[in-house]
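Okay, so chain A shows up in both of these, paired with chain B first and chain C after.
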Partner chain A sequence: MELNQLQRSFLEYTAALFREGFLDSQFSQLYQLQDESNPEFVVEVVSLFFEDSERLINDLSRALDQTIVDFRKIDAHVHQLKGSSSSIGAQRVKNSCVSFRNFCEAQNIEECSKCLQQVKQEYLLIKNKLEALFQLEKQIVAAGGAINMVEWML
Partner chain B sequence: MRMGGLATETQFHVLAVDDSIIDRKLIERLLKTSSYQVTVVDSGVKALEFLGLLDDDNGSIDSTTQNHHKLQVNLIITDYSMPGITGYDLLRKIKESTSLKNIPVVIMSSENVPSRINSCLEKGAEEFFLKPVQQSDVNKLRPHLLRGMA
Partner chain C sequence: MDACHCIEPQWPADELLMKYQYISDFFIALAYFSIPLELVYFVKKSAVFPYRWVLVQFGSFIVLCGATHLISLWTFTMHSRTVAVVMTTAKILTAVVSCATALMLVHIIPDLLSVKKRELYLKKKAAQLDREMGLIRTQEETGRYVRMLTHEIRSTLDRHTILKTTLIELGRTLALEECALWMPTHTGLELQLSYTLRHQYPMGFIVPIQLPVINQVFSSNRAVKISSSSPVARLRPAGKYTTGEVVAVRVPLLHLSNFQINDWPELMTKRYALMVLVLPSDSARQWHVHELELVEVVADQVAVALSHAAILEESMRARDLLMEQNVALDLARREAETAVRAHNDFLAVMNHEMRTPVHAIIALSSLLQETKLTPEQRLMVETILRSSSLLATLINDVLDLSRLKDGSFKLDIRTLSLHVLFWEALNLIRPIASVKKLFVTLSFSSDMPEHAIGDEKRLMQVLLNIVGNAVKFTRVGSISISASVAKSESLRDPRAPGFFPVPSDNHFYLHVQVKDTGSGINPQEIPNLFTKFAQSQSSGTKNSSGSGLGLAISKRFVNLMEGHIWIESEGLGKGSTAIFVVKLGIPGRSHESILPFVPKVPENRVPTKFLGLKVVLMDENGVGRMVTKGILMHLGCEVLTVSSGDECLRVLIHEHKVVFLDVSLPSIDSYELSVRIHEKFSQHFSRPFIVALMGNRDKLMTENCLRAGMDGVVPKPVSVEKMRSALSELLEHGLLLDS
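So, the complex of A and B:
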């Protein structure tokens, strides 16, 4: 695919992610922090988010599986996941954490399990989408282009 | 803005404290884009260790010890909710320390709780930033840092 087409695909794909609520403006902020001295910043932060989220989701599964469920621990994990998803602009993951915390407070195991499934789903969705986005970026850079954040925000 | 010969050579040194690896990366980058020298630690205990406050409760460690072993810290920015020592505890210990009480402290939190914000400001925090922290927040640090040079 030639460069212009790639760049157009990139813009359309990102616009859709914002429009459908997968990402919020915080994601754009990450690109403001990327420059020639830190050209991989966004990929690095998002990779940290993936690792951290997978760890938290595993911890949450284990915690909900216990004979005696420790809701404070679960709430602490969800709070962390809410924070990190908010920090990278993963809006739908963040919102699913908000609901989760409400059910933690109510100490409702069944609803918490449903929330965990929801969080998992949202996480996998955004992971796939961001990985696809980064692939597109790689192709653009390989074709001699660059990602211009300003265009996104128009 | 340059205040004279000294300021052109020394960079302000900010100590950032956060238990989240993502937030640590973010705050470090935000601070570095403002040309601050940055040290990042992942807990309040490590922060106290870095500041030389762990061995001595009232911070009456010889100030020359601090200067020999560690770079001077011009501002501390810390997350509020951390396991172990919270950001509030850290703030309190710094303000109760004879050697460190004049270092400006800024609190970050993902939760907008007015009573929390008030108690931090009352305890002596200069600013309270809601997460995710923005460049515009980091821009607010400069006046507090410059005041320290007076």
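So, the complex of A and C:
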């Protein structure tokens, strides 16, 4: 595929992600921070996010599986997850974290499990999507183009 | 016999007969001797006689004959033998010569006869030539008459003069008794006596045109002899006396249009006038052929002269008409100019007059907005502001359009920064788009230059118009703006085949595409989009507020920039794409330093304001930490990250100007940390600013932070802009107010 088409697909893909609420304006901030001195910033941050999130989700599942559920810990984990996801603009993950936290306060295990499932689902979704996005980016870079792009989302 | 050897004549010498013979012989001899003398004399006199030899022969023959006769005179009496011998010799000689002459004459006489014939022939020829000369002379005379007549006729372009002169001259040349001209009436059915030579009796005799004599004359282009009793020839009121011979000839009345035909217009003329010429009755003159020919020629000349006169009349009339029209047009033009000037003056004045109060309203309403207002009041003020902004735009648009129309518009060409242009445009539509929750993307192609030469204000206007429309007509979804350098293939709009942009060394074509997921446009309405004041009638566009001028003006500007603008849409509800291509200059080296203003957009270069600013960032969350660190580094700071309060206290030194604490985590008591930081630096002159990074805006929490000694709060997730403004405010004022 030639460069223009690739770039167009990239834009459209990103646009779709934003439109569907997967990402919010914070994500565009990340691209702003990417420059010649920091060419892989976005990928690095997102990878860190993936690591962090996976770890936290595992911790959460373990915590919920305990006989005695430590809601404070769960809340702390969820808080972390919420923080990370909001830092990179993974909107849906963040939103599901918010509802998770509410149920945590209510100390409702069932609901919390459900929320955890939701969070997991959202996380997997955003992971796939972001990975596809980076794939496209790699193709563009390989074809000689650059993502000299600034996204604004309001 | 005698001893004298004489010879006796046969007859006695004194017989009467002998005597007569003797005398005759004498005279013969005389004559014979004188004839050659005469011949010689006369031949000598004339120079032309070609047969001298014959003359000699003849002369000698005659002489000898004469000699013979002379000698025979002696033979009448007794003569001696010598005489007889001489006589015989002479006779013999004579015989010889005469035979020779006779023989010669056989050859000569036919020649002489033919000379005669030639002479006769020449005489005949001479007579013929004489006759011809006579004819030529007559013709020449006729020609002279005609020329003179023509000259007279043509020397005037007045119809009446022409006709009058013709009649007079003809009358004089041919010594006519009477000469008259019958012209066809308007109806074409009658001939009216229009001009006569001599008699001043009332004009207006009318004869019907269908008379056989008239038809006869009209059907031939020759002068025709007519009877003097025919109605056209009856030129005297009372036919008391007979008139001489009458000749009539037709005069073709040529129309203007006939001159455009190649063949002689004779075939096309329909109207003829009739010229009647009457010889004097008291002379026995007949019409000679050459006179008839003269008449015919004159008739033709008159026809030509008349048509010239007609043409002239026409052209004079046309010229007068044109002059009148010219004057009228001139007047109209001056009036129009005055009107236009008045209109422009009015517009300019009104514009200025209208702009001033509108600007005042806008300015004061903005100021009012900043003050403390009740929600109702705020709503009112916002409405006022919106309405007056709209009014200001309308006024500007109208003025622009009127200036564009009379071509008094000039582009203001300067160096501009394309990146800045697009950023500013985005900044301007950001508020509206955020309210509508629309996603806006902006992308530049990698080969797009940062700077260009063009009219920045108008380019911005076009861009804002297009993007504004996109935002206006999109209820939900996204708008993507992409700018690139146009390659020739992508420049062609299938609907504008005449647009062939050619990039050159000094110019490039900027290709801007704005695609939205809005309400779309009915493809049939697309051609009307760029016409002034035409609003689309499609339902669903409730907020069709706008003067309808925007696209028209944009199109004008784009055209001025030698570009092209068009809109594509697949239909209602399917979004639309607006594309424009404009020609911009490529700045040379010397231009790069000339920037009309300082760009406010965050560039990928490190801004100098925060360069090297040492900060400490404390955040437990790894991702958040990384992002905030990235932002701070992007702004030029030197960041030290820590993940716990103790670590923070440990690394914090007085060179750090700011310390950022993430306060969203309950495990770390940020308030205590803040107090401890204060304690740590209590001995120093300055301590670092303490800024809280707060996830949820919490009034209580903010108050607690501030009470704990923190200098400000920055909301999380952090954005570059927010961080930048926070840092600026912090460094300038030392305090970060609620942002």
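Just so we're on the same page, the second predicted complex is superposed on the first by the 150 of 154 C-alpha atoms of A that agree within 3 Å, B and C clash if a C-alpha of one lies under 4 Å from a C-alpha of the other, contacts with A are read in each partner's own complex, and residues count from 1 in each chain.
The rule is short, and it goes like this: a contact is a pair of C-beta atoms (placed from the backbone, for glycine too) under 8 Å apart; a residue touches a chain by one contact, two chains touch by 3 or more.
What you are looking at is a predicted structure, and each value in this text was computed from that prediction instead of being measured.
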item: Greater residue coverage of chain A in the superposed arrangement, chain B or chain C; value: C
item: Which superposed partner A:L124 touches (first chain B, second chain C, both, neither); value: neither
item: Chain B versus chain C as contact partner of A:A106, first or second or both or neither; value: neither
item: First, second, both or neither for A:T14, with chain B first and chain C second; value: second
item: First, second, both or neither for A:A132, with chain B first and chain C second; value: neither
item: Partner chain(s) touched by A:V141 [first = chain B, second = chain C, both, neither]; value: neither
item: Shared chain A contacts, counted only where both chain B and chain C touch the same residue; value: 26, 29, 32-33, 38, 41, 44-45, 48-49, 52, 76, 79-80, 82-84, 86-89
item: Chain A contact footprint on chain B (complex, rising order); value: 20-23, 25-26, 29-30, 33, 81, 83, 110, 131-132, 134-135
item: Residue ranges of chain C in contact with chain A within the complex; value: 426, 430, 433-434, 437-446, 477-478, 480, 482, 517, 602, 604, 620-624, 626-628, 630-631, 633-634, 662, 664-667, 695, 716-720
item: Chain C partner contacts - residues on chain A that touch it in the complex; value: 7, 11, 14-15, 18-19, 25-26, 29-30, 32-33, 35-36, 38, 41, 44-45, 48-49, 52, 76, 79-80, 82-89, 145-146, 148-154
item: Chain B contact footprint on chain A (complex, rising order); value: 26, 29, 32-33, 38, 41, 44-45, 48-49, 52, 76, 79-80, 82-84, 86-89
